[in-house]
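Please find the structures below.
Common to both upcoming complexes is subunit A, partnered first by subunit B, then by subunit C.
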Partner chain A sequence: MSSVPASRTHAPGEFLHNFHGGLKLRHYKRMSCLHPVTRPPMPEHLSLALKQHVGDRSIALVKPGQQVLKGEVLARPASGFGALLHAPTSGRIAAIDEQPVISRQHPVDTCITLIPDDRDEWHSDCQRMIPDWRQMSGEELLKRIADAGIVGLGGAVFPTHRKLKGHWAQPIKTLILNGAECEPYISCDEMLMREHPEQILLGAQIVARTLGTVEHIVIALEDQMGEVEDDFKRAQRIVDDPRIAICRVRKIYPEGGERQLIKVLTGLEVPSGGYPQQLGIVCLNVGTAWSVKRALVDRVPLIERYVTVTGAVQEPRNWLTLLGTPVRHLIEASGGLQPQVNRLVMGGPVMGMAISDDAISVTKGFNCLLALRPEQLRDPTHSMPCINCSECVRVCPARLMPQLLYHSIRTGDIRQTSELALFDCIECGCCDLVCPSHIPLTEYFRLGKSQLRSSLREQQRASKSEQRHQARNQRLEAQQALRAERRAARQQAAADQQQAQQTIAAALARVRGKQARGSAPQADDSEESGA
Partner chain B sequence: MLTASLYLLILAASAAAVLVMAARHWRARDEQLVDQINALLPQTQCAQCTYPGCRPYAEAIAKGEADINQCPPGGEAGIRQLAALLDVAAKPLNTSHGEHKPLLLAVIDEQRCIGCTLCIQACPVDAIVGAAKHMHTVIADECTGCELCLPPCPVDCIDLVPALPDGQTAPPDYLKLTAEARQLQRELAA
Partner chain C sequence: MKFSWSGAPHVPAQTSVANVMLQVLLALTPGVIALSWFFGIGVWIQLLLALLFAYGLEYLMLRWRRQPVKPFITDYSAAVTAMLFAVCIPPLSPWWASLAGMLFAIVIAKHLFGGLGHNRFNPAMVGMAVLLISFPQLFTHWSPPRELAEVQLSLSQVLSIIFTGNPIVTGGWDALTLATPLDTLRTGSARGLLVTEVRVAPIFGTFGGLGWEWVANWYLLGGLWLMYRGIIHWRVPVALLATVVLLTTPLYLFDPDANPLPLQHIFSGATVLAAFFIATDPVSGCSTPRGQLLFGCGVAAITLAIRRWGAYPDGVAFAILIMNMFAPLIDRYTRPRVFGHSE
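Up next is the complex of A and B:
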C-alpha cells in the first residue's frame, strides 16, 4: 500500500492516475445500444434462485401453491449476512426445487418457481407512504436499503447495506459511482446512465446521506461515453449538488474493477486483503445507486435490472428484465439466436461464465447475456508450454507474477502460491488474453485458490489439534504430579504414624524394663512408674 | 612476557565468548527447526511413527534419529515438504508404519457404547466426551481420525468414516471462503 501524498492535493477524479497493466480491448458495445430499453413480454414462469448474493444461504418464506403479490418477500438470509429476495410480480408459487443456476461451485441450487397471474398487483408494503429520504436518519436509510434486498449490481452481488455499514478508521469522504463498464459487449450500465442520469445522481445523494460524511461524489464514465457525459451534465444542473463531479477515465480493461478505478481516480491503492473503506472510499455500481433511488423514492424493491442481450442474436439490445426471467425468454424476445451459436455466456467475453442451459434465469448479478459463435471461442486443447515470456506480468493489473503462480500451481507448491499473493488475483483474464502459449491461466488460478483455501483450513485444523494435544499432555502431567504428591503425603503420614507408635512402644518398653528391674525392693519406685 | 600472556588471555576469552554465543545460536536454530518440522506434520497425534505424538517425532527428525517417511497421515505430500525443508531427497512412505488414508472421523455407535471411558483416555486430543456408564460421543470438529480409540474399546462400537461424506455438506460460498481463508492466512502468519 503506497499512500501517495501528492494525490491529497487533488480532489478525487480531478487528476487521473494510471494503474499497472491492463489491455485495450475492442468495444462491440454500439450494437446493443441502438434500441431504447423496454421490458420484455411477461414470461410464462419466473425461476428465482434463493441465493443471488454474497453471504449466507437464504430460507424460503413461501410454500408451493401460495399466492404472492409483487414486492412480497420470498426469502431471507439465514443469518444477518445476505439480502432479501422479493417477488418480481404477483402470481402463484408453483414449486421450490433444485434447478440449474449460474455458479462456479454447484450446477444446481434451490429455486422458487413463480407463475405470474398477469395482474401485477403490488404488495401493500410497497404502496405504503414513506417519509422523504431527506428527513430520514442514516440508520433508517440503511434499514430501507436492506429491506429492498439491494446488492452490488456490477457483478460482485455484495449486500449494499453491509458495504455502507460499519465503523472504519477514516470517515468515508468519497463516494465513487462506477459507470466504467470496461468489458466488451456489455452496455447495460451505459443504457441505464443514458436513460436515468438524474435518478442515478439522486441515488448517489441518498447513499451519501446514509454514509453521512461524504464530501465528493465521483461519477466515473468511460472515454467514449460522450453522450452519457452530456446527459449527466444536464442532470447535474437539475440535481444541483456541489459534491458531484463527472469524470471520464481512459478505456483500458479492467479499469472498471473497483481497485483499479480507485487507483485511477485517487492514486490510492487498496491494501492487499483490505477494503476501499479503509481509505475512506466507497465504490458502487451506477445500477446499485439507481436501485437505491427506486427503493427510497419509488418504494420498489430490487426486482428488476438492466440486462444486455448481445453477440450473435438477431436483435442485440438491452432489456429492463424482471429477476427470474429465463434466458431462453430473453433470447426469443431479442429475435432468437443467429445460426451456429454454440456458446451462451453470462457476463462479458473475458470474465463471463458459460451457461450450461438456456432454462437458467436472470439473477441480481446478471448483467449481460452474450451469444458466441464457434470462431469466437478459444480451443481449450490448444495450450502449449509456458515459455516464460512474462507478457502476463506486464498486463497483470494486480501486479502479480502469473507465470510463477502457474508453475507453483502446476507443481503443487501451495506455500509458494500463498507467498505470491494468489488471493490478490482479481481473475480479470488479462494474462489469458496475452499468453502466446494460450494457457488458461485464470482457470489455474481459480483451482489454485481452492487448493490454497483447503490447505489453510488443513493448517488451522492441525494447529488446533496440536493445541488440544498439548493441553491434554499438560493435564495428564498435572494429574500425575498431583497423584505423586498425594502418595508422598500418604507415605509421610504412614511413616509419621509408625514413628509415633515406635516412640510409644519404646516408652512402654522402658517402663516395663524399669518395673521388671525394681519389682522387689522399694515402694518409691513403683510409685514413680505409675506417674 | 606479561604482554604476551595478556594477549593470549584476551584471545582465549574472546574465543570462549564467540563459542558460547554460537552454541546458544545453534540451539535456538535447533528449536526453530523442530517447530518448522512440526508445522509440516499433520498433528493427528496418531503415534504411527512410533513416537508419542507429532512434536516428539519432529524432535527425532531434527536430531537425525527418525526418517522423514514415517508419517502415514502426512502421506507423500508431507514427505515432499519435509524433504524440501531439510534439503534431503524425498523417499516413498515407509508402509510398515501404515498406509496413507484420507482424513477420517471416529463415530461412536451410541447404541452399543457401554460407557467404559477407555476411549476417552486413549484420545490424544480430548475429542471424546462422556462419563463412566454414560454414553460417549465424538466431537466431530476436534477428531483427527488417529484410530487410537479403536483398540481399547471392549465392545467395538467405534467406526471411522470419511470426514466429509460427498454431497452431505453444501459447498460453501466462494467469496466468504476466500475472506475466511485470508483471515486464517493472517492468523497463521502472526
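Up next is the complex of A and C:
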C-alpha cells in the first residue's frame, strides 16, 4: 500500500511514491495551448479587490480621483500579515466601493476601480536600479519579495514572503516547484513553463537563496508534459545549477495538491494540521517562482499573471492578464461564449468556484476561467440514498471515510465528524465524481467544516465562561474564607478583650476585697453593681 | 450577465446506482442461463415470480412510505434482490415461496429498515433464511441436473407443479428431485461413509457437483467481469475463496477420507455466488479495505462451520447475515489511517 516509509537514500524526486486514491481524469488541456500567450487589449477599467491574499484585510492608500502610476502601491494589509497590491497600469482611480468578488462568504467586497490612461507609465520605484540578487542577503530578498506583493499563484494566495520566512526545527533542504497542474482544462502553468522555463529556474534559485539551506530544487511536471521537460532540460543547461532536478509524476488527480505531491516526491506525509516546512520542504507554484524572478530581476511587482480562458468559449487560450481585468473582457477577447453557456468557473471543473457575475475581475489567485454548457453540469438537486459502495473510500487521497462523514454531518453528530478527521479533507471532489448516488459530498464537507468550526468556537467560549465561572466561585470562596477568618479573628479579639476585662475586673475585685477587708465591706458591693 | 451558481465539483459523477445494479444483473445472467440449462425451465419461472413479487411489493412500499416512486423503481435494486433470491431456491418451489421470500426481503429487510441504502441485512438472504428456517422441506426438492433427470418436464408440467404444489408425475417428488451434492455429503458422512465413497455418487462432477460446478464457473466469469468493471473489488471475493481453501486444505491433506477436496467446497453450494454477488453487497457489508477482507474471511469460516457441524447443508445465507451484524463493528475498528496522522 501507499504508506511506504521514505527512503533516506533517495534524493527528493529520485524515487516516486504513490498516494492513496485519486482519479484518472480526462485532460481537456490541449485546446487552450494552441496559441502563444499574449496580453489581451487593455480593458476600459480595472477592478482591483483590496484583499487578494490570505491574511488581514487591506486598507487603500489612494483616494478616488487620484492619478496613479504603474507599479504604485494601491493598498497594504492593515497589519503585517498579507500582501501589497500594486497598480497594474497608470491611470485614474475612479472609485473605491463594494463590488462583486469571488468568495463564498462575502459576495461583495471593497474594490478599487482604475481607469487606465493608456500611457502605461511606470512608477519611479520600479525603475530604480537594484543590485544583482546574487549580492543580496536573504533578508533583503525577502523584503523585496514582500514589496512586490507576491502570493502563491497556485490558488492558495498565501503571502510568499511569509512562507519563506520563519524558523523551523529542520533547515529547509528541499524546494519543490509545483508544475503538476492536475485539474482538467487548466493550462496556465503549462504555458508559462513552455515559454519561460529559464526564468522559472532563475526564480527558483532566488527563492533557494532566500531560504539559504536548499540542497534540492525539484521541478515537478505531469507525466504527459514531455515537451515541457525538454524545455526545462535546455534551460537547465543555461542556468547550470546541480541542485535542480526535473521530475515527471504520474498523472492522477489530485497529484498536484501540495500534500500529495510531497508524498509522491519524498514519501513523506505532511502532518495533519502542519506545514511542509516541518519536513524541511517548501513547495511553490511555478508561477510564483516566475513572479519572484520578475520582481527581483525585472523590478516588476505582481501586477499580471497567466490566465487560461477555456471550455465553451469560441477560442480557448491563455492570456497574460493584468490583475483587475473583468472576466467579461477576457471572454470577449477570446471570441465570446458559445451559445447556452450558463456556468462560469474560476479554476477547474472539479474544485473551481462558480462565478455568478461576469463583472467579477481577475485576482492574484485566478488561474483559469472555465465556461461550461448546461449538459456538462451536474444536477445538484437529484440524489439517491448512500448505498455504502465505498468508492469514495477507495478514491479519497486523504484516506477518509467520506460516506461516514456524510452521515455524521447529516445527523449533526459533531463529535463523530471531528473523530473522522473532517478537517483533513482537501475538498478535491474525487468522492463526488465516483458517487453512484450523486450525493454532493464535498458540499456537505464544506458545510460540516463550518459547523465544526462554529462548534469549536462555541466550545472555546463555553470553556472560557466555565473558567470564568470557576474563577468567580474561587474568588467568592476566597472572599468568604477571608471574611470568616476576619470574623473569627474579631470574635477571638472580642473574647480576648472580654477575658482581659474579666481578669482586670477580677484583679480589681481582689484589690478591692483586700481593701474592704481593711475598711468597709459594703463599698465592695456598690462598686460591683456599678461596673 | 448573470450565471448559475453551485458548489464544486461542477461536472457530473461518472456512474449511477441504476448503472451499478444493471451491471450486477448482467453479470449474473450467464450463471442464470447455466442454471436453467442444468435444472430446467423452472429457474426462469422462479425468476419471473420473484421479480413480479419484488416489484409489486417495492411499489406498494414506496407508495406507503410516500417516497418518490420513479427514481427508486428504476434503480434495479429490487431486481438484484429478486434475482439473487430466485437462483437460490429450488426451481420447482411453489409460487408462495417467492412471495414469502420477497415479503421478508423487500418489505421487512429493506423498506422497514428505511429503504435503499438503509438495510442492515442483505434482503435476498433474509428472504432465504426465513424460508430455510420455516420451510426446510422446500430445499430438499432440488431438481437433478439434466444428465441425471429421470423425467423431462414440459413447461405446462413445471407450471402446474409450481402453482399447485403437487408432484404430478408418477413416483412423486422422489422422481423429480435428487439430493444436492452438499446434502449427499452430509447424509453420507452422517452414515459413516468416507468422502471418497460418497463422491462415487453420480451427482458429483469433476471437483464440485455435477452441473453445479459449471453454474459456479459462469458466476465466476460474471464476478470477474464485475471486478474488471470496478463494480466490486477483489478484497471480499479473494478473502472469501482464499479462506475456504486455507481452512479446508490442511483438513483434506490431514484426512482426505473425512474431508472433501477444497475445490469441492468452492464449486458446490452457493460459495462462488456468495463470493462475487452476495458478500459484495455494499449496503450490508464492510466499507474499509481491511474490513472487506475480514468480512470475506468471516463469511467463509461461518459457511464452512455450518456445512461441517450445522443442521443445514449450506450455510451461506446464515453466514452472510451473521457477518452483516458485525459489519458496522468491523468498519469501526478497521478505519484507515488518515493522511498525515500517526498510527
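Annotations for the structure displayed:
Following the convention adopted for this analysis, the second predicted complex is superposed on the first by the 507 of 531 C-alpha atoms of A that agree within 3 Å, B and C clash if a C-alpha of one lies under 4 Å from a C-alpha of the other, contacts with A are read in each partner's own complex, and residues count from 1 in each chain.
Methods note: a residue touches a chain if its C-beta (ideal position, glycine included) is under 8 Å from a C-beta of that chain, and two chains touch if they have at least 3 such contacts.
Model, not experiment: these values are computed from the prediction.
Annotation: superposed three-chain arrangement on subunit A; subunit B versus subunit C shows no clash, the two fitting side by side.
Of the two partner chains placed by superposition, A:316 touches none, neither subunit B nor subunit C.
Residue contacts after overlaying the shared chain place A:77 against neither subunit B nor subunit C. Applying the stated contact rule after C-alpha superposition, one finds that A:387 touches subunit C and leaves subunit B untouched.
In the superposed pair of complexes, A:376 makes contact with subunit C only, with no contact to subunit B.
Within the superposed three-chain model, A:256 lies out of touch with both subunit B and subunit C [touch as defined at top].
Put simply, more of the residues of subunit A are touched by C, taking subunit B and subunit C as the two choices. Of all C-alpha pairs spanning subunit B and subunit C in the superposed arrangement, the closest lie 13 Å apart.
For the contact definition in use here, the residues of subunit A common to its subunit B contact set and its subunit C contact set are 273.
Taken in their complex, subunit A has these residues touching subunit B: 54-57, 104-106, 156, 158, 273, 412, 415, 418, 423, 449, 452-453, 456-466, 468-469, 471-473. Put simply, subunit A touches subunit C in their complex at residues 3, 19-20, 259, 263, 269-274, 328, 341-345, 347, 349-358, 372, 376-380, 382, 384-390, 393-394, 397-401, 403-404, 420-421, 424, 427, 429, 432-438, 440, 442-443, 446. Every residue of subunit C that touches subunit A in the complex is listed here, in rising order: 1-17, 19-20, 71-72, 75, 115-118, 233, 282-283, 285, 287-289, 292, 331, 335-342. Note for the complex: subunit B touches subunit A at residues 38-39, 41-45, 53-55, 77, 81, 124-127, 142, 144, 170-171, 173-178, 180-182, 184-188.
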